[in-house]
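Going by the order they are written in, the chains are A, B and C; count residues from 1 in each one.
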Amino acid sequence: MSANPYMPMLGTIIETYDETPDVKTFRVVLKDEAAMAAFRFQPGQVAQLSVFGTGESTFVICSPPTRMDYLQFSVMRVGELTHRLHTLREGDPIGIRGPLGNHFPHADMKGKDIVFIGGGLGLAPLRTLLLFMLDNRQDYGNITLVYGGRTPEHLCFKDELKEWAERGDMRVELTVDTPDKGWTQRTGVVPAVLTDLAVSPKNAVAVTCGPPIMIRFTIQALEKLGFTDEQIVTTLERRMKCGIGLCGRCNIGEKFVCVDGPVFTQAQLKKLPQEF
Amino acid sequence: MVARFLATEALADIAAAWARDHRLLAPVREGAAVLYRPWAKDMHPFLGRPPTSSAKEALLPQTENLLTYTYRKDRDDLTRTEVFLAEPLPQEPTLVLGSRPCDARGRKLLDRVFLERGVKDPLYEARRKATLFVTVACERLENTCFCHWTGGGPMSEEGSDVLLFAVSGGFAAKAITEAGEQLLAPLPEVGPQVQEELAAKLASPVEPGPAPDLSKAPERFLKLFGDMDFWMDQSARCLSCGVCTYLCPTCSCFNITDENSGMKGKRLRTWDTCMSALYTLEGSGHNPRVSRAHRLRNRVGHKFCYHPQEFPAATAQPEFSCTGCGRCIKSCPVSVDIRSIVLDILEKGDKS
Amino acid sequence: MAADQAKDARQAELRASVISELPNVDFVLGYAKGFDPLHATPITVRSEKDAARLIFDATCVQNLTTGLYGLKGKRIGLVVKGCDSRSVVQLLQEKLVERSELVIFGMPCDGVLDLAKIRVRTDITQVRGAEVTGEEVRLLLPDGPKVLPRRDVLADKCLRCRYPNPIVSDHLIGQELTPQGAEDTYADLDGFEKLSPQERFDFWKRQMSRCIRCYACRNACPLCVCKHVCLADSRDPHWLSAEATLQEKWLFQVMHALHLAGRCTECGECQRSCPMGIPILLLKRKMNRELKELFNYEAGVDPEAVPPLHTFLMEEDKIKDRGQLW
């Protein structure tokens, strides 16, 4: 890697597929095989993807460090860069800068029950941790995933959702705001499902990611169920440019989401100025 | 060490000599503004007033290349392209003539961000190592000056390589660093009269008057953080322009954008301003700092709370990310005065 | 002293008038003393205590109609000078503000100071006191008083002002004044246009090279109403590069001037706000003279008038039909 932290490594897209009408998944390898072999990261860390000529943006590496055939990114088409990214296909070059930021405190989660709570593309950061845990299944207690989307079509990682539900060593609860004809699972918002399941906070950690409004009500629901601030882990999103704590814009008080985050416990968030 | 004498009429000559092996930036008058310009023949450096802009641009230019890229078509399959990257060129040595103590002190605060926060910024570091400051000590305070509130002073040596003191017929030049000493080598030592004049100046420096105790500013800022009425009143006149942040010697936030031109282009680092709504506007349309009140709060908070939290000072007086140069006050189209905001924070944050 | 008394009486009248309207508005935008005797600063008045800070004198340079468009839906009190009232009128003409949402405190005004002019004449940063009389500006400096002829340091727009009295107002504060300015002859523009194209280009290159792209000019303009989709910021389409080149700086000013053609009331806030003192109002004056010659139109003087570039006639008096070319 270059000593210049702004210099991306070059990569190649080896596979792309659509998750939902506006989310596309990219599987990427570094061009330099030695660099790919040496690439190390932790679940929850992010990387900057470059499309040269358009710019850079931050995405979580949503494949786990236990599966290093490629790095996976799932991208919602919202702004300039993501629109351009969605036009790329297999074989196209891409820039990668990373890994950046902190990661899920998975060492502290060993031996505990894990509750993943995701909404929409918020499942992407959870996926990296979930797969990491499934690959080290013996280290963790019960694993539950509560995942919701606007419609069945808007659920990401559909094949895997099925696979996970059929594994037998974890529980998967899916819900949508608006069901379609074939939908047989839950209808309603994610926090309501949590309350309904009466998830126990005993020796448990809740990991949540999704739209801000979902996170807010999820945290309220978790608190009602008896989860403490230390037991609630979430990830934040901010507009980022440099990814290395210098350009300024992702600060919350003295902390920078790009280096001190994106992963925070609710206890850490409560200590920050309330600007999120 | 004996000071050297820089006669007013020798200023252009020595500047020209320095410009031979440095990119020399010197202040010149243009209309009502005084700004740093690259050295040119027949230039008349104007040292009589602090420049309108800060010397920050010497260390952090308004735009610079982070990298260049070139796409090349694959000869065998023209639908395929490959991309090639190139790093920017190394920095040339720079000399800033006519900076002020508040500018020079700004260097230390920029270092905090670019060299001490975590990841070192190699472009800044290279430029920083190759940049010298020949500073003019201030003879008096302007209405907008408050360097003594934030740990500086009109004659502070901090961050300078040479400090110039106005004396009869020119300047007494005092080397602060070894590099400064080398710069001054061609100049004669001061005569006894000037030496006496300088000694008198140093013995009775400009008295900036009393400064308020700002040590409680960080905690009182946090107390007022959620008081949006307070921030709305403070920001009601703000135009959300970039005057304050772009002229500030310590504001260092930047943007990164690609500028494409056919099959090649550049990735640029550009000054950015936290006063702009676009600064934090996310692709989804969500903006965590949606109003002027949120943005002004961040600017003031960064300087007077977050920076001291991030870089705790060894002394009772916190280190603020503000050198008290007053440029944000002086050039603000609507006269927003950061001093009065900080004083209001001290007062109202005590009550709330 | 009589001038002082008149000023005090007018300020008292303004404060009383503002207080009387406080129950009817969300807040009032007015002026208060700034950080030194030559600087006023805009304030929001919500209470009688705030109203006691209101002033009105030759330091009240800002045009408080800036940003008014963004306050649509609120009921706003506004202190305006004659020139500022033209911005209100233009905003009304373009239906960007609702007259019923405004309570206007009109201030007949005999001129405001141009601090850039004072800056080149004396050390403005040391001023301890200032007094403006009919003929003079007396400044108190550390080494004694400095007297400047008032006409030398008034804003250019005041020297040719034909609208000292607000065109629209709900409360007229103080006595109406007799307009002093003659028809604008654009003498400054004539002088500039006598230069060769190369000289003019060199002039702008030098001026624009000072620009730091802070966009104070844009943000201070009461008629820049594009908000966050300004062409200067747009990435798609990508009009301007982020690179701080002359070309980009110049292109923005040209586009700004074109977007304000037939809309600019020459309040001069763009130029006054420029920290680098770039004479960008000249570009807008060029546009305005063209509009005057083509359409005999002046922006912001008639609430009922339709701005010429908001409409068209099948046959324009002064625009030749291209069909006659063959």
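The definition used in the following text is that a contact is a pair of C-beta atoms (placed from the backbone, for glycine too) under 8 Å apart; a residue touches a chain by one contact, two chains touch by 3 or more.
Owing to the predicted nature of the structure, the values given are computational and were not obtained by experimental measurement.
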item: Chain whose Cα mean lies nearest the overall Cα mean; value: B
item: Chain whose mean Cα position lies farthest from subunit C; value: A
item: Inter-chain centre distance, subunit A versus subunit C - centres from mean C-alpha coordinates, in Å; value: 50
item: Rounded Å distance, subunit B centre to subunit C centre (Cα mean); value: 30
item: For subunit A paired with subunit B, centre-to-centre distance based on mean C-alpha positions, whole Å; value: 38
item: Two or more partner chains touched - positions in subunit A; value: 80
item: Multi-partner residues of subunit C (at least 2 other chains); value: 235
item: Of all residues in subunit B, the ones touching two or more other chains; value: 255, 257, 281
item: Residues on subunit B engaged by subunit A in the complex (per definition of touch); value: 66-67, 69, 71, 80-83, 85, 87, 113-114, 117-119, 121-123, 222, 225-226, 252-258, 260, 265, 267, 269, 272, 274, 279-286, 288-289, 294, 298, 301-302, 305-307, 309-310
item: Residue numbers on subunit B that touch subunit C, as the complex places them; value: 30-33, 35, 49, 52-53, 62-63, 140, 142-144, 232-233, 236-237, 239-243, 246-247, 255, 257, 259, 266, 268, 270-271, 273, 277-278, 281, 329-331, 333-337, 339-340
item: Interfacial residue positions of subunit A with respect to subunit B in the complex; value: 2-8, 10, 50, 52-57, 78-82, 91-93, 95, 212, 237-239, 241-242, 244-249, 251, 253-254, 259, 273-276
item: Residues of subunit C touching subunit B in the complex; value: 29, 34-36, 39-44, 62, 66-67, 116-117, 119-120, 123, 125-127, 142, 206, 210, 212-216, 218-220, 228, 233, 235, 241-244, 269, 272-273, 275-277
